[in-house]
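Encoded as structure tokens, here's the structure I'll be asking about.
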Amino acid sequence: MVDLKVTLSGITLDNPVIPASGTFGYGKEFAELYDLDILGSISFKGTTRDARLGNPLPRIAECPCGLINSVGLQNPGLDAVCEKELPELGKLYHKPLIANISGFSPDEYAACAAAMDKQAQVGIIEVNVSCPNVHNGGMAYGVLPESAAEITRTVKAVTSKPVYIKLSPNVTDIVSIAKACEEAGADGISLINTLLGMRIDINRRKPVIANKMGGFSGPAIFPVAVRMVYQVANAVSIPIIGMGGVSSARDVIEMMMAGATAVQVGAANLVNPFACKEIIEQLPCVCEELGIEKLADIIGIVK
Amino acid sequence: MVDLKVTLSGITLDNPVIPASGTFGYGKEFAELYDLDILGSISFKGTTRDARLGNPLPRIAECPCGLINSVGLQNPGLDAVCEKELPELGKLYHKPLIANISGFSPDEYAACAAAMDKQAQVGIIEVNVSCPNVHNGGMAYGVLPESAAEITRTVKAVTSKPVYIKLSPNVTDIVSIAKACEEAGADGISLINTLLGMRIDINRRKPVIANKMGGFSGPAIFPVAVRMVYQVANAVSIPIIGMGGVSSARDVIEMMMAGATAVQVGAANLVNPFACKEIIEQLPCVCEELGIEKLADIIGIVK
Amino acid sequence: MKRQILKVNNSRELQPGIFIMTLDGDCSEISAPGQFINIRLDGFYLRRPISIYSYDTGFVTIIFKVVGQGTKALAEAERGDTFDVLMPLGNGFDLSKGASKPLLVGGGIGVPPLYGLAEAMVTAGTVPQVVMGFNSEKEIILTDEFRALGIEPVITTADGSAGIRGFVTDAMKDLEFDYVYTCGPEPMLKAVYDLAPDGQFSFEARMACGFGACMGCTCETKYGYKRICKDGPILYKEEIKW
Amino acid sequence: MKRQILKVNNSRELQPGIFIMTLDGDCSEISAPGQFINIRLDGFYLRRPISIYSYDTGFVTIIFKVVGQGTKALAEAERGDTFDVLMPLGNGFDLSKGASKPLLVGGGIGVPPLYGLAEAMVTAGTVPQVVMGFNSEKEIILTDEFRALGIEPVITTADGSAGIRGFVTDAMKDLEFDYVYTCGPEPMLKAVYDLAPDGQFSFEARMACGFGACMGCTCETKYGYKRICKDGPILYKEEIKW
């Protein structure tokens, strides 16, 4: 029997496979297809303080080996998430959750983190710093070490749960940003969020996406994700949740060898709703093929 | 008849399709397959002052919708290129060439540019600023506006041919770098070079590429390339040569609508040696379908 | 929703660029006309959503127009080829809405799901009126099929090459109806909305998942945010914000 | 080099995980044993290079081992399936090198191109000696084919399950030869190099283009940089830097 367990900041997961925020809603649609309790954890849809409709349609563009989305953090807002979505998800999934939070100001991050801190179901708070700082030129918090560190400190101050900072890949030097977060007290790093991309509808001569640009993800971004996980794993000593294009058990193993302790699966859930289930089922078999007895042994094994 | 002509800094190309540097050698292998004179231009393999063997093998890794290369600027060096390769290429191709040059110091860039300035065959000098600055921490020249501008000025000082700076996409803010190059006198911008990526051989538990990381290109990077071309086109007033994942006539049109005046085709040549020929043949037909009479009319038409 | 492997039973061109294809497999979950299926195509990352034209427990028939690379690939499929399909998706039309004089209004490739609806209504004892609009004669489909149900569809063409010259709304002006079921391009839906006392409207959106997970297709209604793929594609007149 | 569409004529498993496949099409350009073809597979960005085992103007036969996702997909191809193939690639073996006692040394999946070479040598009037090494009995291929050429191949297996226990070099020690043609994994090539008075060595490398354009496969030789795909895959002993 292959041992699939991995541990993130003291929380042991039955396996490293976690649906990525924004690609699994609150689990409802998938619970109709399989028992959610097979999952290592679930990172649910990013929560903001207030309800958000998100961006205008169209919000989706197809790409070679991936897609662009500009959902724009649509979510029912902090209160509704805590009062309605989490209790409902609690009936479908019985292990610690990852609460993905977002904000357009340090205050908003703090409000979301403080509320999630009180939710017994939440095991880890995952802080999406790819949102634009609306009070400061609109640059994303995650593109500068200083602002990423600031948000880390803000969130750490209001919660005792482990805090994972989820980094944007659209940067020159991912390592300096990850290190700044580690120094500011982050318990872990999640990466990567989507690459900024764009498609044009050449018939209509307009961007496909109403908002012009959006977040590009799927298998296409996997080599960039592996590279960044590898770089960050070699620079920090806190655990990493790796993601970006993961679609198979082999991809999970590649991410872990690059340095990830756990792995999130995003876009793959959308085109194959059974993606996480199939990956979890295939992991033991692929591990055996590769001579892996304990999955945790391969974390960062590639130097 | 659809008019496919486009003009780069006073040089009119019969069509916008140009094989990208490093994916077409000096044309020899392709000249056995088709008449090179159908091409808009050719950006030949990056030249450095001295001959370079490049990086150790393996240098190639497959990716979903693309590949990683770490060829490492293998080339016979400036003298051999000018004395042997260019005369040979001159027999196969009779229009102005794009001379892609690289360097690990401003001096090296200057030496390459000065030599290319003297080559009658060379129409445009394309300056690859993705090389690491070996005298200054190893960071690529292209990742900072200042160093990209410095190289631009260095090259402009030694040549009267149009100078196009070829930018790296591995940056937080491509626009500031492009603008710095424009201000420093660049006649145009080429983008994008490869994304930094990595793959791991999970059987051998080692990076696939001997150098660990390498340059990721192919259809997978197309949405990132379109986005950057669009962003830069809206920020500068010099022409842009767009590239990154272009594999079809439709891709060429999408790049041009995003803001490119001409388009380079890289990885596609490697998996389909007839890629450029097929694209050029299909362009008139696709233009007609889309109601385009003059290809130059669509440059940057998407706002 | 299930993931099914469906096998092409037959496929043929109805009009230039418009194909009808029957796919065999377990289709027993389909519960209402107006639902759709989401088809994976080799070489394309996203599935292609196509409405159900008609169905039974063992097959589903779709009608689609070639508008891009994906539908082109679909049109090239041959008998015996198989597709990975998510189905059924969406809410479908609700026939139970009491109406004495229902009208079905379809535009172009929006007509097929209305045929399934008409069939269900006829089976349930109501014969609806049907208006269908096309750009030109060369695009007209399903006239005979509606006739076989005992319905003489009113046809409009934008170029006047057949039926009434003009849009579906031009035909609607001469008819009496108290409820409208409609599917077609959004400008048509909007125009129909203005003439419909009440009704159900089938929407389209670019979709990533098609089953409610990604919020890629959400629009605002009077009753809150709705996902066109899951809470739709049929929206009710009263909730639409126009 | 041409791009050809080749059609699978037949394919079968020779040993567990090792397949022989004949592809029909215009193969008239193939000029020497040791050349290879580069096969495009649906869903994979790079082509897969596979050596030519035997050929004629109208077909080419390959033997390959399933080692990853691409060769797995290739093994699943059925009669009638077609592949986009670039061919012929590489220099191939040069038979004209005068040698009175040539020896062919193959390791595992490196054996097949040596069969083509042996066939050509026999046709040209020289019967070479052949040594072939495998990990174990279950991997042995082509013994009968060499016998049909009138050659009794010496077999070695690492686990001793057949033939001589050990490596090809253990068998080479007992043989007389003045020229070696060899193909197999690089550690084997290196060991053979040390025992070979002279000879030709077939190399492998991860390739992007396979036809000399990208410099993805370049190695340094005594006579300068060589592209394994274009200037090789066969290198001569005198130029190899070991």
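Which chain is which? They are A, B, C and D, in the order written, and residues in each are numbered from 1.
As a convention for this text, a contact is a pair of C-beta atoms (placed from the backbone, for glycine too) under 8 Å apart; a residue touches a chain by one contact, two chains touch by 3 or more.
Computed from a predicted structure; not experimentally measured.
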| item | value |
| --- | --- |
| Between chain C and chain D, the fewest steps along chains that touch one another | 1 |
| Most distant chain from chain B by Cα centroid | C |
| Inter-chain centre distance, chain A versus chain D - centres from mean C-alpha coordinates, in Å | 46 |
| For chain A paired with chain B, centre-to-centre distance based on mean C-alpha positions, whole Å | 34 |
| Mean-CA-position distance for chain D and chain B (Å) | 36 |
| Sites on chain D at which at least two other chains make contact | none |
| Residues within chain A bordering two or more other chains | 61, 63-66, 219 |
| Chain contact graph, described as a line, ring, star, complete graph or other shape | ring |
| Which chain pairs touch, all of them | A-B, A-C, B-D, C-D |
| Residues of chain B touching chain A in the complex | 61, 63-66, 68, 143, 170-172, 195-200, 202-203, 205-207, 212-213, 216, 219-224, 226-227, 230, 245, 250, 253-254, 257-258, 290, 298, 301-302 |
| Residue ranges of chain C touching chain A (in the complex, touch as defined) | 1, 3, 40, 44-47, 86, 205-209, 211-220, 225, 230 |
| List of chain D residues in touch with chain C within their complex | 42-43 |
| List of chain B residues in touch with chain D within their complex | 22-25, 28-30, 32-33, 45, 53-54, 57-67, 69, 71, 74, 208, 218-219, 267, 269-274 |
